[in-house]
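In what comes next, chain A is part of two complexes: it sits with chain B in the first one and with chain C in the second one.
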Partner chain A sequence: MIGEKPKGVRAHLTLAYPALMLGIFFIVPFGLMAAVSFFHRQPGGFYIPGFELTNYKNLYTVLFGRTLVFSLFVAGLSAAVCVSVGFPFTFFITRMKRRAQVVWLVFLMSVLSLSEVIVGFAWSLLLSRTAGLSNLFVWLGLMDRPVAWYPGFVALLFGICYLAFPYTVLVLYPPLSRLDPALPEAAQTLGASPIRTFFTVVVGSLRNAIVAAFVMVFVFTLGAYLLPQILGRPRHWTLSVLITDAAIYQTNMPLSAAMAIFFMFVSLALVALTMMIGKGKKLRTA
Partner chain B sequence: MAGLSLENIDKNFGSVVAVRDVNLLLPDGQFVCFLGPSGCGKTTLLRLIAGLENPSRGRILLDDEDITYIPAHKRNFGMVFQSLALFPHMSVGENVTYSLRVRKSDKNTRRQRAQELLELVKLSGLINRHISQLSGGQRQRVAMARALAIEPRLFLLDEPLSALDAKLREDMQLELRLLQQRLAVTTILVTHDQREAMTMSDLVVVMGPDNRVHQMGSPLEIYRNPADTFVADFIGTSNLMDGSCIGSREVMVGRTCLEVAEMPDGMPLDTKVTVSIRPEEVHVLPGVEEGDNRLHGSVSFVRDVGSSVEIYLDCSGLQIVSQSTPKGRPAVKQGDQATVVLPPTACVVLRS
Partner chain C sequence: MSKTVRNIFLGVVLFLLSGPLVVVSGVSLNAKKRLFFPPEGVSMRWYVELLTENSWLIPVKNSLTIAFTSSLLALSIALPLAYFLWRYRVFYARALFTLGISPFILPPVITALGFLSFWVTVGLYGQMLATMISHAIFFVTLPLVTISLGFESIDHEIVEAAETMGANSRMTFQTVIFPMVRPYMISGYAFAFVLSLNEYIVAYMVAGFTVETLPIKIFNSLRYGYTPVMASVTVVFVLLAALIFGLIGRFGDLPKLLGALNPEDH
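For the complex of A and B:
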């Protein structure tokens, strides 16, 4: 009976392990958080079990709304920047010789070994007025006097993109390296210039990969917590900062749980929307 | 002179030579096959013509215009790739009219042209299909229609039929040939399949493993009068016998003197030569019969495949194959002594 699938209990045993791990490390904590979001908060104390929608009603503030929109905006913008820079970048890497490709990929991987804190402080230094890059530009004669690019929105965007960029390349690399080199060549023999070929054939045929990379960076940067505090001003703080603030400094667990759950559903809705747009385009061409 | 002309073309990739000193003149409206074994540079030569590579040396002229360094997208050639390279994110219609969209023709013209082209390749009604919904043969046709959309000056095909099964491949060969004759477009097909080259082309360009062009001519000419031992061996099967030139019409092979009908010009005595003779020209007689242009030996194997009979003979170390029809089959069996008759007109003398 070689090659026959094991039946009965044994077949389910192999599934039991991942199911158990998923339960212990994901479903149970998530369930706890979902439950806490409906609990009653005791001012000055912790919380007592119950069921009320007060926490969700309390979300309805200008600060929460503004921070939610800002968090989604930062995540969307960094995803857009990472993909629009990462896609051509990865395309050129895949056209290089094998050795050069390996060197670039190892270099990008090594960026991943840096901690978020180190990256944050490094950028804060590089963008500062006293010791930053603007001093170099002054020395080169490109600028009149050194300026501070930190703290601020641009610094935050730089930091987040720097962290997310290697992931973007890693997601885009496999489909791009599998791209049939005859596809762009065919477009050229049909009269398309190299730039037109890139946009109509390379980008077009890899739209699914691009959407996947966009969603990945978007979700990855939604959770940004450290960088907004290091590189941004308080108005650049993301929802993760607000949630931590509510949970730890105000000891308002139910409110922070409600924020997290609400944030998650909004993000899921946006991801679904992005995927649908990607699919919708495909259907129209079919 | 109308046509495509390649002058002293060399192409190197680093230290690897892909194409060596190619000089060709391909007349207008012909169906030309580049034929050769893998790695002989035939695809590279096609890519040089398409403008996808630049030659390391030499020039390419089309109707006396130097196109050597004109980029591929400005050449107005149609090319069918080995992988077909159909755009997976576009429908059949969009694939076929891609070149028209690039040239900014309006939607109605494009739709009309797509219908015309799909009719030409017998795919009417599939205009809105997705590429993934097509069979291998249908994809093949879409790729051809796409390459023909702008009425190209040259129609280039890089082993486009190699992925199809044998039956479909033969149908497509015939269809492609008829299509080319109808459109009268100069066509270059790269193939390693000599049968394909023989059935389809007006002209065959044979390339060898040394990355040079060995011979160019009509299929029959190449078959009957191969230029050298490589061509004789590569095109069909040949009996190749080493010998030396001992007279104006005589070649010594082993201890037998062979009379030949023609000798290449300016061949001094004692030159090493190879005599090539096609198996179907070799006659076999049972027993030992003396006479001119005869070898004696024993039958080492008989292969009867129904449509033809091949007899393998060992003539004192020299291996000879003879092919005959089942009706003209000589009365010999394995182990028999036999006489091999080599008619002088069928013996082609090649320089070694």
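For the complex of A and C:
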């Protein structure tokens, strides 16, 4: 019955197919990429098996260092923006009637599913000189003439936040919707103002969830690849762009793989941090 | 919080979220090719071009084929894994589950590069099959999570009742378990389908130069200038996603799928 130990080959057959698929098409590619990062690159785009640390040593360049720092900075900044806007937003959503919740969630899911290229295109239109928001400001008399607001850092930040915001809400939705409604009510009965209740009781009791959401969104935005190319200038390109560029345009797979592995360890360290925070939370409530 | 502050806040977020979409829909209806908003004259010609020009039709067909098959494949991997995990709580099934959700946790470029090295080695680089399988693995997380939620929601007593009445495991699965999990399978499939349709970097790395999907096509046209067809594709994408998620919201339990514990309470 449910929860028992599987007996014999027959019971395990169910698991064989998913295990094979994930093994062949996920673990093998990863292992292959890790191996390639140690291979020797030959001029002309080919590489031969071997073991050398050259590719990792080649990471120590000003460009890689600057790009890594910039990627982390943009991801951190946009995650901070997303969580500080997304938290009160999600709180309001979870306090709505079920039907209204579903409408908002459908809208958010639709925005979430949008391709990065579409988000970039939409924002480039919104910030453009001929079709953009500045025309509205001119019409309202706030500005003298329409201007182009992209490419640039602020445009990039808006794009990334737009991409990550629905994701932020989805990460914050489970803990906020499970928050006992009696808690804020009790605080208000005891005389706290709604705003004070929100900051002390709601934010306070979900502090761990907020930190976890921040790290999740941080890792999510690290993956931004097209937006820096559409809304930013070349100096705003992120590590994802650099990795793809090395693999496709410089046909330097070993270097690209080394960058990806390095990038993965940075991301994994952050995910591990999330899990540690999650564990700490469980211990406290137990 | 006071109602006014709340409503202003929600209004600003709604404005920021829908702003880009409003401009894009306006531009897609422009009668002239010039990029301008508000539109100068209304016309559906860019939608017609999307559905008649081969340069757009082929990517549309590629994207739909890939999304359709890869989400089916993802579903076929997720269902037995989620079933096994629910039925027998053993550590290796847990480990496989973690493996199944990891493509979603890592930055996509890493997984994409892994796929690239794999398909180059195997010799299928540039084939549509490579994109299909890669997408299936990349999005297996979605059906895996939704179907696992479905299994969790099954009352163990119902299964036990079926077995006490003499049903063997195959019969129990077909007549009791499967119908209860089916709505979750459909949602998982829909999630994977929509996201596959919108995915760029994996499709680009694995077969970007030979199998052009819609996002790749849009980015290519963005690089070489501007055509209002891009705007009409965007509108079609948003409407399609809204339709699919709207159906899930109407016929399924969206709050629960997204992790609310007791949606009935609100």
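Here, the second predicted complex is superposed on the first by the 244 of 286 C-alpha atoms of A that agree within 3 Å, B and C clash if a C-alpha of one lies under 4 Å from a C-alpha of the other, contacts with A are read in each partner's own complex, and residues count from 1 in each chain.
Everything below uses one rule, namely that a contact is a pair of C-beta atoms (placed from the backbone, for glycine too) under 8 Å apart; a residue touches a chain by one contact, two chains touch by 3 or more.
Since the structure is predicted, the reported quantities are computational estimates derived from the model, not experimental observations.
Of the two partner chains placed by superposition, only chain C is touched by A:L15; chain B is not. Using the contact criterion defined above for the overlaid structures, shared-chain residue A:E185 touches chain B, although it does not reach chain C. When the two structures are aligned on the shared chain, A:S205 is found in touch with chain B, with no touch to chain C. Among chain B and chain C, the chain that touches a larger number of residues in chain A is C.
Looking at the shared chain after the overlay, A:R145 reaches neither chain B nor chain C. Applying the stated contact rule after C-alpha superposition, one finds that A:I195 touches chain C and leaves chain B untouched. Once chain A of one complex is fitted onto chain A of the other, the partner contacts of A:S113 are limited to chain C, with no touch recorded for chain B. Note: residues 194 of chain A belong to the chain B contact set and to the chain C contact set alike, using the contact criterion stated above.
Taken in their complex, chain A has these residues touching chain B: 180, 182-183, 185-194, 196-197, 200-201, 204-205, 207, 282, 285-286. Across the complex, chain A is touched by residues 1-2, 5-6, 9-10, 13, 16-17, 19-21, 23-24, 26-27, 34-37, 76-78, 80-81, 83-84, 86-90, 92-93, 96, 99-100, 102-103, 105-118, 120-121, 133-134, 136-137, 140, 156, 159-160, 163, 194-195, 197-201, 204-205, 208, 214-215, 218-219, 222, 230-231, 233-234, 237-238, 241-242, 245-246, 248-249, 254-255, 258-266 of chain C. Of all residues in chain B, those touching chain A in their complex are 50-52, 71-79, 81-91, 94, 98-99, 102-103, 128, 130, 146-147, 149-150, 156.
The touching residues of chain A, when paired with chain C in their complex, are 1-6, 11, 14-15, 17-19, 21-22, 25-30, 32-33, 36, 85, 88-89, 92, 94-98, 101-103, 105-111, 113-126, 128, 130-133, 135, 162, 165-166, 170, 173-174, 177-178, 181, 194-195, 198, 219, 222-223, 225-226, 230, 239-240, 243-244, 247-248, 253, 256-257, 260, 263-264, 267-268, 271.
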